[in-house]
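Both of the next two complexes hold subunit A, though its partner changes from subunit B to subunit C.
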Partner chain A sequence: MPEIKVTPLGAGQDVGRSCILVSIGGKNIMLDCGMHMGYNDDRRFPDFSYITQNGRLTDFLDCVIISHFHLDHCGALPYMSEMVGYDGPIYMTHPTKAICPILLEDFRKITVDKKGETNFFTSQMIKDCMKKVIPLNLHQTVQVDDELEIKAYYAGHVLGAAMVHIKVGSESVVYTGDYNMTPDRHLGAAWIDKCRPDILISESTYATTIRDSKRCRERDFLKKVHETIERGGKVLIPVFALGRAQELCILLETFWERMNLKAPIYFSTGLTEKANHYYKLFITWTNQKIRKTFVQRNMFEFKHIKAFDRSYADNPGPMVVFATPGMLHAGQSLQIFKKWAGNEKNMVIMPGYCVQGTIGHKILNGQRKLEMEGRATLDVKLQVEYMSFSAHADAKGIMQLIRMAEPRNMLLVHGEAVKMEFLKGKIEQEFSIDCHMPANGETVTVTTNPSVPVDISLNLLKREMALGGPLPDPKKPRTMHGTLIMKENSLKLVSSEQALKELGLNEHQLRFTCRVQLQDPHSDPDTLHRIYTHLKSVLKGYTIQHLPDGTVMVESIVIKVSSSAEDTNTKVLLLSWSYQDEDLGSFLSTLLKKGLPSGLC
Partner chain B sequence: PMDQSSLKNSDVLILTGLTQMPTANPDGMLGEFCSNLAMTIRAGGNVLVPCYSSGVIYDLLECLYQFIESASLGTTPFYFISPVANSSLEFSQIFAEWLCHNKQTKVYLPEPPFPHAELIQTNKLKHYPSIHGDFSSEFRQPCVVFTGHPSLRFGDVVHFMELWGKSSLNTIIFTEPDFSYLDALAPYQPLAMKCVYCPIDTRLNFHQVSKLLKEVQPVHVVCPEQYTQPPLTQSHRSDLMLELQPPPMPYRRCSVLNLPFRRRYERVYILPELANSLVPSEIKPGISVATVSAVLHSKDNKHTLQSVPKPPPAPPTKKRKRVMEEPPVVLAPKPLLSGAVPLEAFLATLQKHGITEVKVEETADGHILHLQAEDTLIQLEEDGTHIVCDNNEPLRTTLRDLVLRFLQKL
Partner chain C sequence: MTEEEEEDNNSRSDGALHAVGWRRRKRRLLSPAARLHLSVLRGTHRWYKDLHVYQLEHPTQVIEWTSARTVCVAGYSPSKNEILELHLPLKIFADENKGLCAERDFKVVHGGFTDGPVRCLRYIPGTRCAVTGDGLSSNLQVWDLGGDDSDVIRRTGSIEGRRRRTGVSEGGSRIAARLLSQPQILHGAQISDVQLTELSSGQTLYQLESDSADPLSSLHFLSDTVFLAGCSNGNIYVADTRTSAAPQLSPPPASSGESVLWWTDASAGPDPSGCRVVRLSSSGQALVSDLRNPGGAVSRAQLDVQTRCCSPDNVRVSWAPVLDDCIAVSGFSGAVQIYDTSVWRSEPQEARPLFEHRGHAVSPEQSNDGVPPVLVTSHVWHPKRPRTLLSAASDGSVHVWDWVDQSAADGQTEAVEKR
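And then the complex of A and B:
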């Protein structure tokens, strides 16, 4: 039985360093190649030694597919392709290809220049890595090679995020990456057709939550920001430059406009203007409303939001600042946080998921005294709020996706073990399919039961369909008979006669002749007629003919009558049939041996 | 350039949409366009370019963008007038995945793939939905106007023809190949305005098509009959047509064609349960066969083969029925047989089954075996075997099975 093997090297019962290996039909595919934001040592990269102990990965992988540009899905890509070594194709969508190198470069700068790390990838490596990238378009089937094909679907979540459908022969796998089933202010919702993959690998970040209405969350968020501004406090919103930031900017901009607010909103420099450009050039990836109106009005040009300068952080008075990066683990957002943390009037709002180990995670869990570098402690007095704006599917959304795609098996990644366990139970109960949730390094093997595609000769097919009639009878299905010829890699189904011809074989006829003795006082022709009548009553549904040359034919079996030389009452029946009529012939000889019933005329 | 790999090994290739200007090299035409434009402007005249609002205009604007500096046209305004002018220019920037590699790399920077964005920003190019409204107040001459319709029968271009037609300083430059410029100009004659014809048609010409066909090598080529002869206006040019061996199948408007290929096979899927039950046997090196008895299901033009359902077991009855009362239900026809029964091996098999007294008689086509004790005859020939056996059904079936051991079932 063919099997599909899935092994997460990262994001197995965990969030971060997503990297999933799939073995399907003899092909090996790596899905995502991310970095774990919670660690600073080797644990932040997936363990590639699982693939091979030493040497480059090129021979072991047929392709690498990256779902979107978040660092926990592509952060380790330059490391893998340039430092471990991989020269094969890397697939990602156009926006991902455009934005990935920017985020990678930014991340590299912070890690190497500011933190002073040495064993890290260089700018040149990022460039070399991106040269190996082949861009994907939505719903375009791309042939990686003769047997492997992939197709990208819209996933929502961030600009350019895609779900990937991988097919080899009759087996297929769908990997969702991160996705969102509800459209938001600038992105649409994920969509996939009923492709019925053997395995659906889905993220399960919010496996146990069902999110309440978006409007409530937005109203809540705006209320908190407004209150803080009213009392003169400052609001810090740590975000990644591309992704949720745009969503919240649009939200705040419309709110400021409506309420005619005067407090400044800042967006940290660096990636801002570029982000704006990207959204303009890739507008086909945003939601319908933005696409319709982009000619008249660019939704991403904000009137109330300005570029931030470091000195503004010390300005008195209320303000709202969007600063990167999103989990308060480094960079500008951390700097601003340190400045503002001591004042209770201020507020920090975390708009999304924080990985364990980051300051964001710590303060969300209630920690109010933080250890900084140089043994200094920071007292956290400002208000800490969590508003879940990150665009991941909730439990209801995951179930909805399963209903859309109708997979045969489920596999959960990118979540917490306890929550995944709960969701697994629900999935198994609702859909009656197997659900797996492997840990890092654990292999899940799924046996598939694919149908075998075979070429049937048109003659045979048309003949069968014509004989079958327009409506097949379910009680008496018509059996088709043919010969399957297996040559090299081709499977052909033809009629037996055609098979003989094609293979250059001669037909071998096997015939049987049987003599049965009967007691019957009639004349030969009368006996024959009695036999005919007898058979007609027993063998309903068969073709029985009484031929003028003195024989009875049942299908293609011949029956002749002659009198025995010694006694005219003893008749000798000669039955002759070929192997094709074996069953019937055998039956007839036994039947006639029993003699003719007396009640016949 | 076009991705040709999917065309390879095609049975039929339908070829159409070739360039209507086979003698006009697009690059050369672009050059002429620019030089004529510059000449007119320097002399103080206006240039009118009738064109569609999307398509070649992007290339014209790109070409002019590079040309402007060198030709010192920096102060000349360019106007693009069409109700969809704004949309057209905006939309051209967002579909980078369809553009050439160079433009795609610009998008990654990020920078817009077409330079007309910059022309608009620097106010060199201005677009208006129509000549009424803002345009009429901001209009300056000399200038270059891109507007429609290339047939010169309707659209804002008509207005400009009336406005500028009387001065020989002005020039109208035709770039669209769809319309004969002489026919288009006919109603405006007499015309003092200069006319330049440099059609830009980037579709494949005959030379490129021949190269394509050599690489793709389709079995049959079908094309409009116009391509099988040189164009009417240049009937001496034998290179301006498709010359192929074997000749392509021509078609004309409203003709119905039967395309010359026959399918011999269709795809059918064997369900896993049935696939597991098949027993292949190798009859020649590298070739195996298996007998298939299945039920064909066809739905929505998808065919599957399923296992024959087993007949339900006969319910046990109180009355003891006579065995063999029921005639056999033919579930599947018996397979065809092939091969031959080797004499010596068969005799040895008979011996193993206790049939020892066998008299072998040679005939013209084979052998006849008389089984003495059982009073049975077996006739063995190259392409047939005949068993004559009376009154001994068990023996007959045993002999049958022994013979079948030596034969291939198909």
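And then the complex of A and C:
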């Protein structure tokens, strides 16, 4: 039976790294190659031994597809391609290709330089890995090889995030990566057409949440900023150049207008350049509103937000500063943090996840004394706020996506089966499809029912239609006679005569003859007539004719009577039938061997 | 040009006009709903310590605490509905390190499916059981809310109500639950129906003896054995399940009209006789009385509610478990109001709310084109946190909010009229 196999790589119940293997139509595909941010040892990498115990992965994988630039989806990519070994194609969208290496390099620096780890990929490895990347455009079908094709769809969530449709023959799989169904201030909502994949693969992590509204998160953010400004404090917001920074800037700008606030808002120059650069490149990836504004003027020319100069950090009075990098691990944001940390009137707002080893991570874990270079300690007296603005789908979102794509099966990864029973039941009930929930390392096999398209010759079609009967009904298959010809990659159904003609063969007719002896005192014609009457009473519903040339015909079977030369009471019946009437012919000969019943006239 | 825009133009240079023009364009990029929301935002960041806004797939008429951190909600559409047990976001409970907790979402910890609407849902304290009523008959459904080994809420049985020839009142049976040695359910649709059923055996332990067909609006346990039944015509009955004596009746004030409906809540206390009862009418009259003198009113007020479109299914009045003398009122509109009854007098006067949560009425989902107005369908107080409430509305929104007492915060005595 044709089947698709899906295996989420990972150990035990841990969530936090995405790497899924799919076997479809003889092709092997790796979806995402994430790093587990919670481990410090090899457990952070996916377990590639599932694919092969030793040696390079090139021979075992047809392609690798990365959904977006978050490290739990691409963090192990250089390790996989350069340290384990993979030389095949790696697919990702243009923005992901541009941003991935920056995040990977940052991550590498933190892990190796700051934490002194050794079994880790190098800068050169990141570069070599990215050379293998083939960028994807939205809604564009890419032929990986003769049989495998992939297509990227908009996923929302972060800049460049994609959901990917994978097709081999008539079997297909859609992998969602991380997505969200409600539009953001700067990103649209995920969208996919009714592609009806055999399997829709999605994370289950957020499937059982109901998200607090964006406006409440924003309200909280504005409230915290406002309170700090009101008491004369300074607010530091470390950001990565893209995405959230714009959103928060728009929010603050609007709020400053409404509340008529005067305190200055700054963003560091590194931010503007990078942001503008990327936005110009990837303008099609943001939502309609941003695109309209950007077309009219530059993204970062706000009325209240000005470029930052490092000397401003020492200015008295309240202010808000957006600075890179996002995890406070180096650069300007760290410099500003060091200056402001000692004052409890100040605040730092962390808008996202911070990797272990960074100052960001430490203060988010409640650490109030930090060891800096040269053994100096920094007392963290300012207020630390962790606010998550990342856009994820929730329970409602998953149902919406299923409604959009209409998959035949649903597959949820990264969830505990006991915690997913309700969602499974909900999906099964509402959509009448199976919902699978493999544990990490477990393979789910989904049987598919691919339809094989076959061309039918017009003659054969006409002939079948001429037979009459009820109209074709997919639920009631009807037998038809024809010959299937497979030439190259095409399948054709033709009538037998046409097939014989094409093959240059002659049709042979088979005819069977048998003699049955019968004791009957009547004359030959009378005996024939008696046979006719007998058969008419037994074989109701069959065409039985008594022909003037002295034969009885049952369908195509011919029956003749003649007397034996030795004895006129011994009749010899000659039965002759064609191959098509084999069954009936055999039946008749057996029947007539039994003789004629006496009551006949 | 608006006044604002003209003023802007006159006081700006050419370069800045460009910036202003862009600002105007950007403002227009906000939808009307977003603009409204932003204006509410401007004011409300001072009014709430916490505010969380959620959108369920289907609206609920019930919110019931099943632990200090979980609530049950359920749909009320005519056929199949979901019943969900939700865990409140961790951020609400992270008192010391609130800033470090980014968790703002509800978690669906258990879920199940019902065959009909859920109009009433009661959790049986000390168990993992809940009882629901569908408002169509006096029969109740019993559910197992599930434990650690499964996230499915399963129906485990049903309880039959007493049938009455006069038919069932709107809203079906009211339910109160308690755990003595065994879970016991007090239920009924009318006063004459009220009975106490033992859950495990289905045995009827007590039946209220009364011929009255007064439809019920609520049932409350005041102690292990004493209970209060509030009727929609304003009558209150107090009875003891140990005796078959006739219940004590206290009628509503004589001035109430014919078609006025009433709702009731009783404050639980160590001593049932010291219990305070609040009654609220569909014309906005509120009455506080003491069980020592149930017939008389201790204090009265005319509440500031819209009385035209209240549905008997939606109105709720409840005593605050922690704040003395405070009640919450909802169901008349898209708002939840908090009143301080300690300033009410024996002569009815207009009362203004101490706080009004209007979040449901300005939710962005609402549009202005002939869609019926959003009504709050339910609210509950948090059992321990003084100013934390949950409220749900007909558009499927559920809010968790912790309000700031403005009068205390500003050091002024603002909204509350003192004699």
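FYI, the second predicted complex is superposed on the first by the 327 of 601 C-alpha atoms of A that agree within 3 Å, B and C clash if a C-alpha of one lies under 4 Å from a C-alpha of the other, contacts with A are read in each partner's own complex, and residues count from 1 in each chain.
In this text, a contact is a pair of C-beta atoms (placed from the backbone, for glycine too) under 8 Å apart; a residue touches a chain by one contact, two chains touch by 3 or more.
Keep in mind that this is a model prediction, so the values were computed, not measured.
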Touched partner set for A:W256, first subunit B, second subunit C, both or neither: neither
Partner chain(s) touched by A:F240 [first = subunit B, second = subunit C, both, neither]: neither
Which superposed partner A:M486 touches (first subunit B, second subunit C, both, neither): first
Between subunit B and subunit C, more extensive residue contact with subunit A: B
Partner chain in contact with A:Y86 - subunit B first, subunit C second, else both or neither: neither
Partner chain in contact with A:L591 - subunit B first, subunit C second, else both or neither: first
Partner chain in contact with A:K303 - subunit B first, subunit C second, else both or neither: second
Contact residues common to both interfaces of subunit A (with subunit B and with subunit C): none
Subunit B to subunit A touching residues, read off their complex: 86-87, 90-91, 93-97, 104, 107-108, 110-113, 263-272, 275, 278, 280, 283-284, 286-298, 303-305, 308-309, 324, 327-328, 330-341, 382-391, 393, 396-397, 400, 403-404, 407-408, 410
Subunit C-facing residues of subunit A, complex: 208-213, 215-220, 222-223, 226, 250, 254-255, 257-259, 289, 292-293, 296-297, 301, 303, 364-366, 383-388, 394-396, 399, 418-423, 425-426, 429
Interfacial residue positions of subunit C with respect to subunit A in the complex: 18-20, 22-23, 25-27, 29-30, 37-39, 41-42, 44-45, 51-57, 82, 86, 89, 97, 99-102, 104-113, 148-153, 364
For the subunit A and subunit B complex, residues of the former touching the latter: 94, 97-98, 101, 135, 137, 274, 277-278, 280-284, 294-295, 449-458, 461, 464-465, 468, 472, 477-488, 492-493, 496-497, 499-500, 503, 505-517, 538-539, 541-542, 579-584, 586-587, 589-591, 593
